[in-house]
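To start, the structure under review is shown below, and the notes come after it.
Note that the chains are named A, B, C, D, E and F in the order they appear, and that numbering of residues resets to 1 at the start of each chain.
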Amino acid sequence: MKHYTALVFSAHAADFVWRCGGAIALHQARGYEVTIICLSYGERGESAKLWKQGNTTLAKVKKARREEAENAAEELGAHDIIFLDQGDYPLELDRESKYKIVDIIRKVHPDFMLSHSRFDPYNTDHMYTTEIALETRMIAQAWGHNPGERVLGAPQLYLFEPHQTEQMGWVPNVLLDITEVWDKKRKAIECMEGQVHLWNYYTNLAENRANHFRRNSGGQAGGRPAKYAEGFQAVFPRCVDEL
Amino acid sequence: MKHYTALVFSAHAADFVWRCGGAIALHQARGYEVTIICLSYGERGESAKLWKQGNTTLAKVKKARREEAENAAEELGAHDIIFLDQGDYPLELDRESKYKIVDIIRKVHPDFMLSHSRFDPYNTDHMYTTEIALETRMIAQAWGHNPGERVLGAPQLYLFEPHQTEQMGWVPNVLLDITEVWDKKRKAIECMEGQVHLWNYYTNLAENRANHFRRNSGGQAGGRPAKYAEGFQAVFPRCVDEL
Amino acid sequence: MKHYTALVFSAHAADFVWRCGGAIALHQARGYEVTIICLSYGERGESAKLWKQGNTTLAKVKKARREEAENAAEELGAHDIIFLDQGDYPLELDRESKYKIVDIIRKVHPDFMLSHSRFDPYNTDHMYTTEIALETRMIAQAWGHNPGERVLGAPQLYLFEPHQTEQMGWVPNVLLDITEVWDKKRKAIECMEGQVHLWNYYTNLAENRANHFRRNSGGQAGGRPAKYAEGFQAVFPRCVDEL
Amino acid sequence: MKHYTALVFSAHAADFVWRCGGAIALHQARGYEVTIICLSYGERGESAKLWKQGNTTLAKVKKARREEAENAAEELGAHDIIFLDQGDYPLELDRESKYKIVDIIRKVHPDFMLSHSRFDPYNTDHMYTTEIALETRMIAQAWGHNPGERVLGAPQLYLFEPHQTEQMGWVPNVLLDITEVWDKKRKAIECMEGQVHLWNYYTNLAENRANHFRRNSGGQAGGRPAKYAEGFQAVFPRCVDEL
Amino acid sequence: MKHYTALVFSAHAADFVWRCGGAIALHQARGYEVTIICLSYGERGESAKLWKQGNTTLAKVKKARREEAENAAEELGAHDIIFLDQGDYPLELDRESKYKIVDIIRKVHPDFMLSHSRFDPYNTDHMYTTEIALETRMIAQAWGHNPGERVLGAPQLYLFEPHQTEQMGWVPNVLLDITEVWDKKRKAIECMEGQVHLWNYYTNLAENRANHFRRNSGGQAGGRPAKYAEGFQAVFPRCVDEL
Amino acid sequence: MKHYTALVFSAHAADFVWRCGGAIALHQARGYEVTIICLSYGERGESAKLWKQGNTTLAKVKKARREEAENAAEELGAHDIIFLDQGDYPLELDRESKYKIVDIIRKVHPDFMLSHSRFDPYNTDHMYTTEIALETRMIAQAWGHNPGERVLGAPQLYLFEPHQTEQMGWVPNVLLDITEVWDKKRKAIECMEGQVHLWNYYTNLAENRANHFRRNSGGQAGGRPAKYAEGFQAVFPRCVDEL
């Protein structure tokens, strides 16, 4: 029996929750094993609340963010979450770190991958992460990289929804119904105690993407009554037997 | 048991053959009923060989083109082919003609539609056809158009491959394996006696799109050995349960 | 004292409510006179609920939609609402109708105009309306059109937010804080009894656009605490004395 | 000996002067016969100065604009200038008028064509003219249009420089050195007595495009010392024997 | 009383003069304190005249370019000009250098920032500078970067006009009237003794941008009579109370 | 007598063969001296067949790839082929390596350059190579880089055809007839023993690009009967005396 897997690239510890928490929970529920790579904890740039409280250290902030992310991953039922601790604002990876990611890709051997939008003028870590995702995907496909290892095929790369989509040039071409796992996603969201101001935002968004799902699946003449959805932009053409 | 259908918009009599003949034959083979609408015969602009022979008339050219198209549709096993005879170079439809197309759309009630690329500086009939496809799709969705009729849902519109894709801004996001019906497509192509110079072109193209299919389905690490393929650009996001 | 005015193009009766109801109410509150032109009632294509009830006529539907739109305009405090009754799905204007719009533009002499996005594959009436807005703006600027009349200057054209923004290629470059008039917009929304399924959608959207407003006005280091906002895409460069 | 010809589409009487007067004069000087089609006189929309003087009529304005255009064409040494008098703001052509243009295209049998940019939110007549240029080029290529006539090949279509290029999405991929005919272009410009405010503008522009010519032909390491240039955007790929 | 500031990123010593000298002088005149960061002197790549004279050294060229830039900054009345001396052709910054820029950003705490276009195939230093501007803006917003320091809000980033705008994909959405400070900009331009060939170019450009300013502020029906202007592309949406 | 030269950037050893082998052979036949720079051997990522055979080493694979590339260059009659051996998957160059390339550029002093497409989500080495081509072209133009050396002018950069053009945003604006050198290109292709699956692909492609050449040079009304062609995207505007 085929074993299905997926791999998520998250620039900072919390990104995977807001942007594809539903996809993670849903695919786990469908039998996939979903692994999350957090390239950084978002300790410097996405932990304002902790720093505002004062009297803290980088180590403490990282620890707090890691716990939040682990709790969220658990709520989503993720198979695994890996922290690379590469630093944020800015995130920068050397060749060794890239090879570590290639090792993970080859080990997970994902049926599909998830990452950030290609462009983000607000947050260069996000677009850098997708550069890394494309580069490491390519290396994992090289027969001459660690010869003898199982070589990666050509998994789809889905770009999950960025904040302020239009400014990022992100256009969803797939809408995923996450109604059945919404409770899990909401619980994972609530693990992000440092970013309470975003809980309602991403709930609104999931409801509105469900409206898009209903429209694109038939509208008032029979659209499917999804209540919560997530959008994704597939980078590569998909290969089918039937349109 | 659900009855599946598809609807193809062809600006001129032969367009459907080169651009989506494989999709037509394949879906027929899968149990779909595929209906083709030829908005014109391409009698003025795409029948150079007949006109060069001289001693002919518009009526004769139309007849010849119609026969070719009917033969091709038969080779593909198409459910139906409808000729609207709206004239070509330029193609222009009035409101009544649009309503006739709406009638066809509602009658066929397609699960998906196929049409030309959105932009074509070489051939304005092609892009006009897609404007019409979008406009009539919208009208067919209106509850107030011929109230009481069954209203159209939200079928996907796939844009089939134009000639000189890059000049048209066309980007395929779906690749369809047509290997099993290639013989039918090739026979349909050979019905186009006035355009022999294109037979080899579209055979080459199908082989090369199959190369793309193999790459995107896994490449040298397990890509599917498709021999012939067609590319399509889906206009609307697709709605899924699983990525 | 300068008299400020604005002019809104609404393809169908309800469009102005969802998409720029806040801008209308806010500018009225600031002393502008805002005039709305509804090119159609949306009687065929955007009145599904009424047609589903059955036992109705086009005239009745138009009447119902008109009343809703008038009520909404009143809630927003709009200066005037004009119904051109040009039909919908599809909307089509002849030269005389365009000239009527030019007459309105010249009479209102707007400081800015509002219309739909430039592209909309779901709804060709929407993009057609913006073509008309640009064309009639140009005619209103012609010194030789009804010579002697006051000629239009160069008012900005703002494109208001379409449904499924990313599919329309719409990118907001202006965010407007509508917190102080949100109650009016919500009341106007509630006038749209045939489209209850959209009330929550556009409330979510206004909240989320306010999040964008907060981010772009300073974020966690002093962003303005807007609660509701609307986004717009300015078509023309703006002329300033200071950046 | 081959006879070379070119054909210019000018939406309004003066457009050809500002935008490609240099190309006209230069190609005439090189032995081409350049024919200009003015689709309208720009009588309503581009004759503000005449209308401001008052006490005039449409007929008088047309006459004045025609004379200016004829004078300019003469200064440029143009082979022919044809006035179609189709009205402006807005410009609209019916099928018969399109066929008249096809007749001209076939008679001139141009080696290349010139027209406006594809997009122009300020002036919809401009972009409409290029739609017409593409459509009539296509019809002129149809063997079934007036069978027996000499059929058009595939002349390049160059889009000349619009006002406010960046707003029009126009990108020049050809720079033409017009230094040797600059005096003629300047004289033609000075025929446009109603638009004195543009004389300096287009002189500045020609000087600055020459700077671009110098840069792209070698810069400080040997760029050609052009003093005046014009930019064009070729629509179709060019076919060459050598890069 | 609020203290207004602005920060300019200049890849090479002279860039700020041609591209935003007017904005600098104007905002100084309006009470802003404008700080300029020159990432390099343009000593290798933009000092051809000095190198052609021969008998010089890198140190001498840097000194000459620095003096020119200081003189120009003084003519413009700039508050401060900082030279980072990071080398040019190519410009490359390490993490420490980025942090120095972050320090400057936080110290200046700009109300808006200015930098190069996002793309420039002629000059990769230019686009690299804007990558740095976006990255350092992000770092300056991080609460965990040098905790305790005042964190940056969300200042607008304006991209100033590149050479050959259309090749850079740069589109101005703001036009600034610099008539009142034109004399200062011209004097600053004349400080650039090594680039006399550009003096006329940028004077022409300022005149032509003023034409655009007049058109977009009302045209022949009341446009403002600006004589010199500069164009800018705002990267982020602006947040307003009124359209 | 002027001496003409061209310079080709090839990320991996075989790229130049498939993508511009015809241009190389043709220009050599026309008297140009064409130099090829292979930045890497493609030893890790594009040598699957060798690695699949097993029992090999990186050194052996490099050697095999080098021999293939040298043989191919010889079949094409290339003037010179230079191997920089910078490693692949990923390819990365430090400053010293860039300077080596600058040395080559200055020595060759090319009339035009060739490189990969600007974007390639499948293969980041490809787009990186074009970044390097633009950056080193810029450095080679700097009068202050190795003062005294002959400075580069402004050679055109042509982007050759990538695999799956539409996914790369590559649009050809030049079509080159390579019929007379096709045999040489085919022989060069057949040197690539590790990539037999691509021989037919690139033969099909050359035939189909010839179809485009025929269309764009006149179509059925006199297009030139090219049998094999290659497409290129010129990055910079070309400077001409005649359109």
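Keep in mind that, in the parts below, a contact is a pair of C-beta atoms (placed from the backbone, for glycine too) under 8 Å apart; a residue touches a chain by one contact, two chains touch by 3 or more.
None of the values given here were measured: they were computed from a predicted structure.
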item	value
Chain labels contacting subunit B and also subunit D	C, F
Minimum number of chain-to-chain contact steps, subunit A to subunit D	2
Copy pair subunit E, subunit F: interface residue numbering same or different (half cut)	different
Chain centre separation in whole Å, for subunit E relative to subunit B (CA means)	52
Whole-Å gap separating subunit C and subunit E, where each centre is the average of the chain's CA atoms	37
Residue numbers of subunit A (touch at least two other chains)	48, 122, 141, 143, 167, 172, 212, 215, 220, 236-237
All touching chain pairs, where touch follows the definition stated at the start	A-B, A-C, A-E, A-F, B-C, B-D, B-F, C-D, C-E, D-E, D-F, E-F
Contact footprint of subunit C on subunit E as seen in their complex	6, 23, 26-27, 30, 112, 141, 143, 150-154, 156, 158, 172-177, 212-213, 215-224, 226, 231-232, 234, 236-243
Complex contacts: residues of subunit A adjacent to subunit F	95, 98, 131, 134-135, 138-139, 141-145, 147, 157, 235-237
Interfacial residue positions of subunit F with respect to subunit A in the complex	43-45, 47-48, 51-52, 54, 56, 58, 61, 88-90, 92, 121-125, 167
Residues on subunit C engaged by subunit A in the complex (per definition of touch)	48, 122, 163-167, 170-172, 197-198, 200-201, 204-205, 207-208, 211-212, 215, 220
